[in-house]
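In this document, chain identifiers A, B and C correspond to the written order of the chains, with residue numbering beginning at 1 in each.
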Amino acid sequence: MRLRQAALLGWGLLLLGLLLAALGTCIGSAGFENLLRPLLDASADPAERAMALQIVWEIRLPRTLGAWAAGSLLGLAGALAQGLFRNPLADPYLLGSASGASLGVAIALAAVGGGAGMVGGGSMMNGATFSMLSGSVWVRLGLTGAAFAGAVLAVLLTLALARGVGHTLRLLLAGVIVGVVLGAMTSLVLLFSPDSLQAMQAFMLGTTSFVGWTSWGLMFACWCLCMALAAALARVLDGLSLGEATAQTLGLPLAPLRAALVAVLALATGTAVAQTGLIAFVGLAAPHLVRAVLKVPHRQLMWLASLMGGVLLASADLLARWVIAPQELPVGVVTAALGGGYLLWLMHRRSSGLNAGGLL
Amino acid sequence: MKRWLILLLAGCSLWASASAWALTLPDDRGRPVTLARTPQRIVSLLPSLTEMVCQLDQCQRLVGVDRYSTWPESIRQLPRVGGGLDPNIEAIVALRPDLVLAATSSRAAERLVALGIPVLALEPKTHADVQRVLGKVGQVLGVSDAQKIWRQIDAGVSAAAQSLPPSVRQVRVYFEVNRGPYGAGEASFIGETLARLGARNILPASLGPFPKLNPEYIVRANPDVIMIGERNAEGLLQRPGWQGIRAVREGRVCIFPSAESDLLVRPGPRMADGARLMARCLAEKAPGAAKSDPSPVKPSPKTAGGKA
Amino acid sequence: MSAPAYLVRGLGASLGGTPILHQIDLELRAGCWTAVVGPNGAGKSTLLRAIAGLLPCSGQVELLGRELHDWPRQQRARALSWLGQNQSAADDLTVHDVAMLGRLPHQSWLAPASPADLAAVERALRQTQAWDWRERALGELSGGERQRVLLARALAVEAQVLLMDEPLANLDPPHQADWLLLVRELVAAGRSVVSVLHEISIALHADELVVMRQGRIAHHGACHEVATQRALEQVFEHRIAIHALAGQWVALPVTSVT
C-alpha cells in the first residue's frame, strides 16, 4: 500500500517537473512571455521563429532542465548524507565539498585575473605567487573544472583526516574541520584578489545563468550513474539505521560500502556545485519534504528525494528569473526562502499537533 | 625697531595664513571634518583617491597607501597599510598621518577618529562625483585650481569622443563588469563615459548602475560590441545562445587585459584614459569603423569547449 | 552428534584498552537455551558481542563447528542473529520495514523482497504479536512495542543461532511470558538461543546457565542443578535466594540479614 503511495508521489513529482520545464520555456528576460506560439505557428515570420527557437532551445530549456538536474543531484546527495550520518540535519556539503569548490573557484578567479591587486614586494604576499598560477592547470580547467576538482579534493582530504570511513563521527568532525579551514583559505585568496569578490558571490549564491546543453548532459549523466549506485546502496543505509553493530551482523560489508557512499556523495555534490554554484538547502530540505508526506525506507527515499530536489530547485530558478526580470535573483536565496519557509510551517503545524516524534 | 616690526608683521601673516588653512568641510558621510593646517602626511585607503592626490601633484605628501593602490609607480615604494575594508590601524597610526582619505564604506573611520586622526570619507561613483571629490581633495590639499584636473579629464573624454568617426556613433555596446553577469548600465560612470563617446548602452538607466542580469537579456538585445575584461572573458563563446549575438559572430569583442580593465572600472582621475581605451575599442571593432577588420575572437585557450 | 553451537577456547577481549574477558572456555550445546547471568560489569554483553564477531578478541571461537572468521560474511549472517541492547532505529521506518531488514542476509543486492522473505517477516511479526501494526511507524510505538519489533527483526533472519542481549527490556510480564514461550518453540525446532538476562527468575527457565563474574565463567551447568544455584547465589554475594515456587525456580532478593 505504501509502495503505491510512494509511486504516486514519484509520478506526481515527475509530472510537476515536466510542467516546470514547460513553464521555464516561457520565462525569460522579459518575465513571462510565451515564445512557443511563434514556434508552433507555421505562418509566423521566419526571422522571429529563428530567434524564438534560439532563445527557447539554447537558453531557456537547458537552464530549466539544468536546474532540475542539479536539484535532483542535490536531493539525492542529501538523502545519502542523512542516511550515512544518521542525522536529519546532515546536508551534502558536510564532507567539505562546498568549501573545496569555493576554494577552487576563488583560486581560478584569482589566477585568471593575473593577480591584479597584488602588491609586488609588499609586506603580505609576493605578487609572483599568483602570476605563477595564471596559465597553469587552474586556468586550463576553467571555473567548472576548478569547482569540481576542489570539491573532490576536499572530500579526499576529509577522508584522509578521518583516516578512512570506519568511524562515522570522526568522518563528520573531519568534514566540518575541512570545511572551516578551506573556507578560511578561500577568504584569504579573495583578500588578495578583491576584484573577484563579485564573481565569487555569484558563485556562492548559485546561478543557472550559463547552463547549456553540455552542462545539462554532464549533470544528467552523473545523475544516472549516481542513482544506479545509490539504488544498490540503499539497502546499506536501511541496515545502518539499526546501528552499526546490527548492520555488521546482518552481513553488510560496512567499510567498502561506506566508502562507496562517500564517493557517490562527492560525485553528485561536486557535479552540481561545479555547474550551478553553491545552492544551499535543497539537499537538506528535499528528504524532509518527502518524509513529511510519506515515510519510506531508503530505496524509495532516494528516488523521491531526488525528484523533490529537482522540483524545488526548478521552481526556485523560475522564480529567481521571473521576479525582477530582466535582473536575476541568486537562486540560492530563493531556495532558502522556499524550502526554509515550508519547513518552518511544517514544524509549526507539527508542534501544535500531536506527533512529537522525530524532527518534524 | 623696523626689523622688529617686520618680524612681527611676518609672524602675524604666517599665523594668519596658517589659521586661514583651518578648514572645516563635510565629507561624503555628511560629517564635518576640521583640519587645523594643510595636511602634510596623508594616508589614502582608496585607490581612486590615491590617484587624485598624485594627479594634483601632491604625491610627496602621501606617507602610506592601501594594498590595492597601484598607480603611479612612485607610490609603490610606500608602506602598505592593509585594504580599504580591512586596514591595519596600528600601521596607519604608526605613520603619524594628519589626514586619512578613506571610502565611505570603510570601518576604519570611526576608530581612527577616536584615535585623534582626521578622516575624510569620499567615494566617487559617477562623473559628477569625481568632479566633486576632486574639488574637495583639492580644497583640503590647498591646491588652488583642482578643477583644472577635472577640465583635463573632461577634455580628454571629449577628445576621445571626437576621435571617433561618425559612422561609429550610435553603436550598441554591452560592457560586462564581472561574472554573474554584471553589466554596466547607463547610470554608472562607465555608462556615462560610453554615452559621451556616443555609444548606446543596451542596459537602460532603469536597471541601476550595475545590475545582475539574465544572460538571455543580452542575447536578445544583440549588442554590436561587447567590452569585457580578460579575467571574465573565459568561456564567453561557450555561453549558451551567445554565438548568435552579432558582436560574437562578427568578432567584435574587446577583451581588455587586466591592467586596462582595472583602469576602466576605477572612477578616478584616469577616466580620460579609460575613455581613450573604450574609444580605441570602438574605433577598431565597431561596425562602420574605418579600419573595420575585426579579427575573429580567438577562442579562449583555457576551455576546450568543455564545461560551460 | 551435531556440532555444538559455540566452542570457545581461551577467549580474551578488551574495550578501550581495559581487558574485560579473561581466558574464557565455553561450549554451548546446539538446540538448547543458554542464559548468561551475572552482576553488573561481569562482561556478559561483551561476551555476546565477542562471539557474534563484533569485537576483536584473542583466542578461538567456533560457530557450528567452523572458526568464526572462516565463515563467508553472508553465510555467517544467515546462521547467526544478534539482538543488541539499547538499539537505535530509524523512527520513520514502519514495523514491516524494520522486520524486513532481518532478511538482508538472504537477499541479493538488487532483488526486491521475495515471497519467502515476506512469509518469514509475517511469521516473525506474528510470533511477537506485532503483525497488526505492521504499517505503523516505529517512532509511534511505546518502548515495549518497539522492543517486540526489534525482536521480530532478529527472528526474521531465521538463523540457527540467536544471540540476544537484554531481550526483555521494557517488556511487561505478559510479554515476558510470551517471550519465554517463543524461546521454547525455537529450541524445540532445533535452534540455539543464547541470551543475556537481568531477570534471574526468567533466566532460571533456561536449559543451561552460564554464571559470570569479573570477566570469567564462575559456573556453567543446568538450571535445576544445586551447584548452579549455589554458584548463582554466591556470585551475587548471597543478596539473592533461589526458591522453588509453583513448579518454577524463582530468585528473590534478600532484604533481611539472617
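By definition in this document, a contact is a pair of C-beta atoms (placed from the backbone, for glycine too) under 8 Å apart; a residue touches a chain by one contact, two chains touch by 3 or more.
For clarity, every value in this text was computed on a predicted model and none was experimentally measured.
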Q: Take each protein chain as a node, join two nodes whenever their chains touch, and name the resulting shape: line, ring, star, complete or other.
A: line
Q) Among the chains, which is located farthest from subunit B on the basis of C-alpha centroids? A) C
**Q.** subunit A-subunit C separation of Cα centroids, rounded to whole Å
**A.** 45
Q. Distance from the CA centroid of subunit B to that of subunit C, rounded to the nearest Å?
A. 79
(Q) Measuring centre to centre with CA averages, how many angstrom lie between subunit A and subunit B? (A) 38
Q.
Two or more other chains touching the same residue: where does that happen in subunit C?
A. none
**Q.** In the complex, subunit B residues that touch subunit A
**A.** 67-68, 70, 76, 79-80, 83, 85-86, 177-182, 207-208, 211-217, 219-220, 230-232, 234-235, 238-241, 244, 257-259, 262, 265, 301-303, 305-308
Q | In the complex, subunit A residues that touch subunit C | A | 1-2, 86, 231-232, 235, 238-239, 241-243, 245-246, 248-253, 291, 295, 297, 355, 357-358
Q.
Touching residues of subunit A toward subunit B in the complex: what are they?
A. 28-30, 51, 54-55, 58-60, 62-63, 109, 112-114, 116-117, 119-124, 139-145, 148, 191, 194-196, 198-199, 202-203, 207, 209-215, 218, 274-275, 321, 325-328, 330
**Q.** In the complex with subunit A, residue positions of subunit C that touch it
**A.** 49, 52-54, 73-74, 76-78, 80-84, 87-94, 97-98, 101-102, 104-105, 107, 109-110, 135, 137, 139-140, 153, 157
